[in-house]
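So, here come the structures, one by one.
Shared chain: subunit A. Partners: subunit B in the first complex, subunit C in the second.
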Partner chain A sequence: MATPTLDKEDAKPEAGFADSPYITVTFRIRRFNPEISADATWEDFQLEIDPKERVLDGLHKIKWDLDGSLTFRRSCAHGICGSDAMRINGKNRLACKTLIKDINPAKPITVEPIKGLTVLKDLVVDMDPFFQAYRDVMPFLVTTGNEPTRERLQSAEDRERFDDTTKCILCAACTSSCPVFWNDGQYFGPAAIVNAHRFIFDSRDEAGEQRLEILNDKDGVWRCRTTFNCTDACPRGIEVTKAIQEVKRALITRRF
Partner chain B sequence: MKIHKYDTVIVGAGGAGMRAAIEATKRSRTAVLTKLYPTRSHTGAAQGGMAAALANVEEDNWEWHTFDTIKGGDYLVDQDAAEILAKEAIDAVLDLEKMGLPFNRTPDGTIDQRRFGGHSRNHGEAPVRRSCYAADRTGHMILQTLYQNCVKEGVEFFNEFYVLDQLIVEEDGVKKSAGVVAYELATGEIHVFQAKSVVYASGGTGKFFKVTSNAHTLTGDGQAACYRRGLPLEDMEFFQFHPTGIWRMGILLTEGARGEGGILRNKDGERFMEKYAPVMKDLASRDVVSRSIYTEIREGRGCGPEGDHVYLDLTHLPPEQLDAKLPDITEFARTYLGIEPYTDPIPIQPTAHYAMGGIPTNVEGEVLADNTTVVPGLYAAGEVACVSVHGANRLGTNSLLDINVFGRRAGIAAAEYSAKNDFVELPEDPAGLVVSLVEQLRDSQGTERVADIRRELQETMDANVMVFRTEQTIKTAVEKIGELRARYKNVSVQDKGKRFNTDLLEAIELGNLLDLAEVMAVSALARKESRGGHYREDYPNRDDVNFMRHTMAYREVADDGKDSIRLDYKPVVQTRYQPMERKY
Partner chain C sequence: MSTDTTVDKTGGSSVGPVEGVSLYDVDHPAPVIEAPRKRTSKTPRSTRGNFEMAAWLFMRLSGVVLVVLVLGHLLIQLVLDGGVSKIGFAFVAGRWASPFWQVWDLLMLWLAMLHGANGLRTVINDYAERPNTRLWLKGLLYTATVFTILLGTLVIFTFDPNIR
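After this line comes the complex of A and B, so read on.
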């Protein structure tokens, strides 16, 4: 499956909730534990859940009451920390921001690790290559000369220019939804470019040229094929593809 | 088992840990151990802002900020520490801006500021705009900016390493820190980090409550590691309940919503805070607002079929203002409640939010072994610590400030200590305690389940030691926690593996929560007065004669191995502010 699919909206989750808030759903989870077997398998769990609960709540019910060995990362549980990006019904999402009622609970809910990063156990993947790509784009403010005694001034318009890309929580939902990244892990990937964008377009920063050169690499922005998977996947609503296009344009015009 | 040697080890990579790491890495060979990845820390969930009397938009000064902090903490604040907090706030904000933090801006291009609970002009005259902010994502921006600067400085992280033990060695009658013992999640391997200095910055303990704004991972690991090694915990009875958590879920909706003009209403649509706090109204301190909400609910003016919540009303604010200033919390309402905040009020209830108490430190971040004795080489900063700048109730925006001011101080002090001192020799079998803890849990054939005990703990904490407490409810909690601690000895995990065994770690975290819950309840039982976040219905007044003092709780182990809690007290540092009745 090259492109994540949107769920069909034909299901009617309201039906049958009238008396009890709880419904029975099946979670179909991709399991992998190399301590036990070299092969990944699908495992089904049935549970009672309020459709207003999160997929993360379902995973917790399984871990806490059915199978303690089910392994996944999570922390804040409300879409801020970026720990629990996973592939839910074929689409990258945060388990803590996805409500059961929004993903057609009539059919089994499939949960898999995000793609393109090595699976270490169940839904846990190796995040190191992802963070390495982030570190490679110089994701920090660079300035020269003496620092002012007070704050640097920045107009509200200049601040607004890069607002969208400051929202990134480094969850990897975008990068691991990108077909280019799946085929070639050397590609920086959308998240690293988003974080480069955040500084390239910050009026206070003086290392835009250097970052653009880094992204001018053969594994840089030119690999992007504008499939918009990243934009669809971003749980923070960042216009990721647009940010990548802006970086490409800056590389051509050298204006940013 | 692996042994590592670093000058400075920092435990935790949230705001305080990374702020400390930036300083310590410049000065000493530093390692940061975190049980998550740095950017997953709960600093990222903070929303409304960071207080500093920049006076960018109206008259303000750090002395007013000091006063508000002390009054907000119901005079249990150590006043010398509060003064440092308020004074250094200004540079702390400017430092973050220079590190790249994208603050919201005024039309002049300076850092914009907004109102927040308990922050006032001239000692309580009217609300003042003191909170420096980036929309309702200030914590996210601080966490990202600090991580970015850690990347810039080349800070060395050990991600998904759980610190489970603090090594204390007695040399010439002085307790010293020798290092920490950590468990590596990926492999199950145990690592000893020998270090000249150790900084705890591992965050809070909120997960012993059910309705909480805290992350699943806030289980008091740092407090528990120190407490078990005989170090005291200060003021653990003081826990903050944030007035506006999403009903039943506890997800935080920033006080900035009220700073922007949001109003709390009961089922009759009444702006009830006018009754309880005529001047500051909805922007009274959090303990006052949370008690007011529960008073409304108890007196039958709560909303919904069960009358168990009130409303946060933003419908009179222009949608453009909500989009620009409160984009995240309005999205939370849409995502989790299916409510459109432009047109509908948001159901809220108080949510367990912040531990004012913790590991006692002085203003340099040095950990105390008793009321005055420093533990050489041991430091703490942020929510894990108790300086005490928050006293009995923390003001909103003072925690993002605390982590920056005292994270920086602890990082510098620890690295300077490392430069001047040698390693303390490791104790014999340094990993012994952790090895036996891990093996015991992994091999246990017990019949108790982690999830059951945790649920019962959270239920009893919510029912008995929340916003309103009495001797009876606290005793019920103490008894229940005792029973749960006994049952915990018979707990087992299903995952017996070494690789990413989060089942095992949740069991260990539960052990920490149980110990700390007991300290909290026992401390609360002994404090027969009402002050800040600790409200006793059987003792509704503040009692400065008997209780103007910090609680210090110690774990004592008898010869038969049974442990108990010994309470002692420490005087409050008062400089220029005499306690007054607290009115908003």
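After this line comes the complex of A and C, so read on.
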């Protein structure tokens, strides 16, 4: 085992600097600090970074080594918690799931907060309207009668019916990519409808009718213009627009 | 024993500021989680019922009917029987003598106007941000729509081929 390692060490200096995985990347970040200025500005940061690293690693490097005042949300950093949705090169993505090499590091990488929600600082937005819409569709199981003593059984087909919409991590990438939501925050937005879909089509749930009535509101599903921005933006690959259309169909046929 | 008590004391005092001090008590309870559908106090309750659904359905259904009506109309007016050059007062008078073409044109007028007006209504809803702008744009839209529909209907029903 020792010999190959030695060989490699020998080989490295010969290959020289060109073999280094690091490249220079410019991060162009939308900065906003209400304590300093009312206007948001672009700020460039130059980094030496491995292109196989993620945008989030770049943001960490900036925050930890270059400018500690850079503010952004992230928790798990592995695409599960849904904290770090941001607009990277003009598209809503999770910074922790976007590799530098996949977004053309030759040009500056622009990073902005997601649109349609109030920016609090740098890349942090006020998520309250988003979660209010989520709460409004009653994202919890509603049943009547006695609780069963064991789990509520469901057939594999019944589970499959809403499988796609269970994947949502509430990152707001879809809702903040929706042009209707940008213009009028009263629209429920794709994420809330996806989470309503998850319960409307659940055979164990009994409040489907109620949820459909909520989404029949003038700010409900009928404001969807089928632009498919939400489906493109979803980091979990949920077919968001399809789910919205299924809710529309359920509203018309009352079959779900 | 002595170690136990010291640990208790230090533990108690160090934990105290973090989780020992409760912000809430009987007189100051924690805020209640708001019930579903209770948005902000300023949000008006929905009063329109299923109007949006009806409008959405109307767009789809009228669209399907209009495909037939408009394509048929264009074919007759512009392609068949010598094309556009044949259209004149006599041609229109001849067509509107038949109730079938009267109904065709009336249906096309109403469906196309309502379809277009509803489309513009959603565009205004989507893009006009200030309530006043919305009010004026929609007022203008509805006035123009009603005027065109009424005028067109009047012409179709009161058309007199002997006018001089």
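In this text, the second predicted complex is superposed on the first by the 238 of 256 C-alpha atoms of A that agree within 3 Å, B and C clash if a C-alpha of one lies under 4 Å from a C-alpha of the other, contacts with A are read in each partner's own complex, and residues count from 1 in each chain.
By definition in this document, a residue touches a chain if its C-beta (ideal position, glycine included) is under 8 Å from a C-beta of that chain, and two chains touch if they have at least 3 such contacts.
Small disclaimer: the values here were computed from a predicted structure and weren't measured.
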Could you tell me if A:Trp64 is touching subunit B, subunit C, both of them or neither one (first, second, both, neither)?
first
With both complexes overlaid on chain A, does A:Arg135 touch subunit B (first), subunit C (second), both or neither?
both
Is A:Asp163 in contact with subunit B, with subunit C, with both, or with neither (first, second, both, neither)?
first
Is A:Gly79 touching the first partner subunit B, the second partner subunit C, both, or neither of them?
first
Return first, second, both or neither, reflecting whether A:Asp184 touches subunit B, subunit C, both chains, or no partner chain.
second
Kindly classify A:Lys218 by the partners it touches after superposition: subunit B alone (first), subunit C alone (second), both, or neither?
second
Which partner does A:Arg249 reach: the first (subunit B), the second (subunit C), both, or neither?
neither
So which positions on subunit A get touched by both subunit B and subunit C?
135
Within the complex, subunit B is touched by subunit A residues 33-36, 52, 63-65, 67-69, 71-83, 97, 99, 120-122, 124, 127, 131, 134-135, 139-141, 143, 147, 150-156, 159, 162-163, 166-170, 199, 202, 204-205
For the complex, which residues does subunit A have touching subunit C?
132, 135-138, 179-180, 183-184, 186, 214, 216-220, 222-223, 225, 248, 251-252
Which positions of subunit C touch subunit A when the two form their complex?
34, 36-37, 39, 43, 46, 48, 50-53, 55-57, 122, 125-127, 129
Could you list, by residue number, the parts of subunit B that touch subunit A in their complex?
36-37, 39-42, 44-45, 93-94, 97-100, 102-111, 134, 137, 140-141, 144, 148-149, 151-152, 186, 215-217, 249, 251, 328, 332, 335-336, 338, 449-451, 493-495, 497-503
